[in-house]
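Across the two complexes that follow, subunit A remains constant while its partner is subunit B and subsequently subunit C.
Here is the complex of A and B:
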């Protein structure tokens, strides 16, 4: 992956520079107008957030059952990225809602459950940083709960009465909107993979540093 | 009897009048596109859109910078430790 990191980072940057041009050229949604264009980053960020929460949960489960250190590193990186993409979703959503709904926020199922999902990822990070010995296992259990929350976030708009657009919006996008949407999603997914690689590398280096300190202590 | 009825009607009318006056205007019966709303009800969309995109860029850039900072710190510490060990 290290060999492909720089070329892929260049591709991701190019995609991010080109995405706004594609989005600007996409047709206007008839009722919401210009503000609907927030959707092209808001919804894919939400999708990446959910993917990341699942990655974090699966990696944590592997770590709990098998004790694989690599799985713990992936879980740690995925939790941080869930918090990052969750923050993007939570900030860009209200900017759209203020114009489309007339309010910044409403405690309806989709918004509340997304907020809870984001809080779980942030609490995982707090646990890992401040809970002391055993925080890896405690955090892993928390991450599994976080991933269990994901299907509920996804179906919440279809099952409960909610103001939020339903999941059928994406499959029913008109052709002019479909291209920019999936292009933005791919750009964000590529960015996610690159950030994940960089963050896992950081965690690996931290482990190597800890081992160096232990070796140093043994030698002295 | 008639006088009592008139008094009751007048009292009811006077009591109900402020309550009726304070009622919100009747809700619209059908969907109104944003473009057809009165100017006072319209919000400019551009600052919200620009704000959303700027936030995404800033958040990603800040996160990249934070990874780079943390990685630098760890690698500097590793180099210092390796030098210390080599000196022995």
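Here is the complex of A and C:
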């Protein structure tokens, strides 16, 4: 992945530059008008957040049972990005809701569960930073519990009657909106992959540096 | 496995009966917690509408957090948790024994809390003992299942007193919602039994998921 980092970063930059043009050209939604355009940013970020939470959970499970250090680095990076994309989702959501529903926030299942998922990812980061020795395993257990939450977030809008649009919105998009939506999703997913690569690489360098320090101390 | 779990439960209860430290501190804390809410919220003899359910669950969760912390702190002080893990007992059995100990303690606290909240907030909590028992049991099991696992893991961690609530509360918010909503539905007159059974069903699902993952992860987590 590192070999392709620079070319992929260039592709991502081009996609992010072109995305606003595509979104501007997409047809207006009949009732919501301009406000609906935030959907191209909000929904794909939410999808990336859920993907990231699952990546974190799976990597943590691998780390817990196999003890692979690489899996721990992936879990760490995925947790940070879950928190980042989660923040995007819970900031852009209310901006839309204020216009579409007339309120900033409502404690309905989708919003509540997404918020809980974001809180869990933040508590994971706290554990990794402040819990000291053994925090890697602690975090792994937390991530496994947290990823159980993901299917609940996904189905919550379909099971309970909520204000939040259902998951069927995406396949039923009209042709003019479908293109920009999946383009935005790909752009954000690519950004996610790039950030993951960079973050995992940083963590690997940090471990290598720690080992060099220890070796140096042992030698002297 | 059942025998090992029973032995661990008996050991914990024996230690507790002799010192009574956790029982007394937890009960006192739970009662003062409810009193703080009563002073803050009760006006002219009436609490806020549906407030009793929320306050009951907040008191249970706060007291549970305290009890979990103390239970494992005691195991840490004389390194007895290590001895427990070195014993030829399967790890899931150790977990189940610890979980049962916490549950006995929390059910004891609830026996005191329910009448107290019913009295101070004039809530008809005791008019449907069967449903109330079902909600309290399923909710408490869900909370304690996650709590026992995290508290056991935190024994060796730094700043564990702060870490336990930080880990536990986000994870158990769904249990809290289920417990509070179920209790609110029960407090309506006549009680909304359809909602009550729905929330109990959800709580049972969460209990099954949480206990399964906890049993499953306890072994790799407690290996040094």
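Heads up, the rule we're going with is that the second predicted complex is superposed on the first by the 220 of 220 C-alpha atoms of A that agree within 3 Å, B and C clash if a C-alpha of one lies under 4 Å from a C-alpha of the other, contacts with A are read in each partner's own complex, and residues count from 1 in each chain.
One rule holds for everything that comes next: contacts are C-beta pairs under 8 Å (C-beta built on N, C-alpha and C of every residue); 3 or more make two chains touch, one makes a residue touch a chain.
Not measured: the values here are computed from a predicted model.
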| item | value |
| --- | --- |
| Subunit C versus subunit B, contacts on subunit A by residue | B |
| First (subunit B), second (subunit C), both or neither touched by A:131 | second |
| Touched partner set for A:123, first subunit B, second subunit C, both or neither | second |
| Touching partner for A:178 - first (subunit B), second (subunit C), both, neither | neither |
| Subunit B versus subunit C as contact partner of A:209, first or second or both or neither | first |
| On subunit A, positions contacted by subunit B and by subunit C | none |
| List of subunit A residues in touch with subunit C within their complex | 64-65, 112-113, 116, 119-120, 122-123, 126-127, 130-135, 137-138, 140-142, 144-146, 148-149, 152 |
| For the subunit A and subunit B complex, residues of the former touching the latter | 20, 30-35, 37-38, 41-42, 45, 84, 87-88, 91-92, 95-96, 98-99, 191, 195, 198-199, 201-202, 205-206, 208-209, 212-213, 215-216, 219 |
| Complex contacts: residues of subunit B adjacent to subunit A | 31, 33-35, 43, 45-46, 48-49, 51-53, 55-56, 59-60, 63-64, 67, 70-71, 74-75, 77-78, 81-82, 84-85, 88 |
| Subunit C residues within the subunit A interface of the complex | 146, 149-150, 153-154, 156-160, 162-163, 166-167, 170-171, 173-174, 177, 209-210, 213, 217, 220-221 |
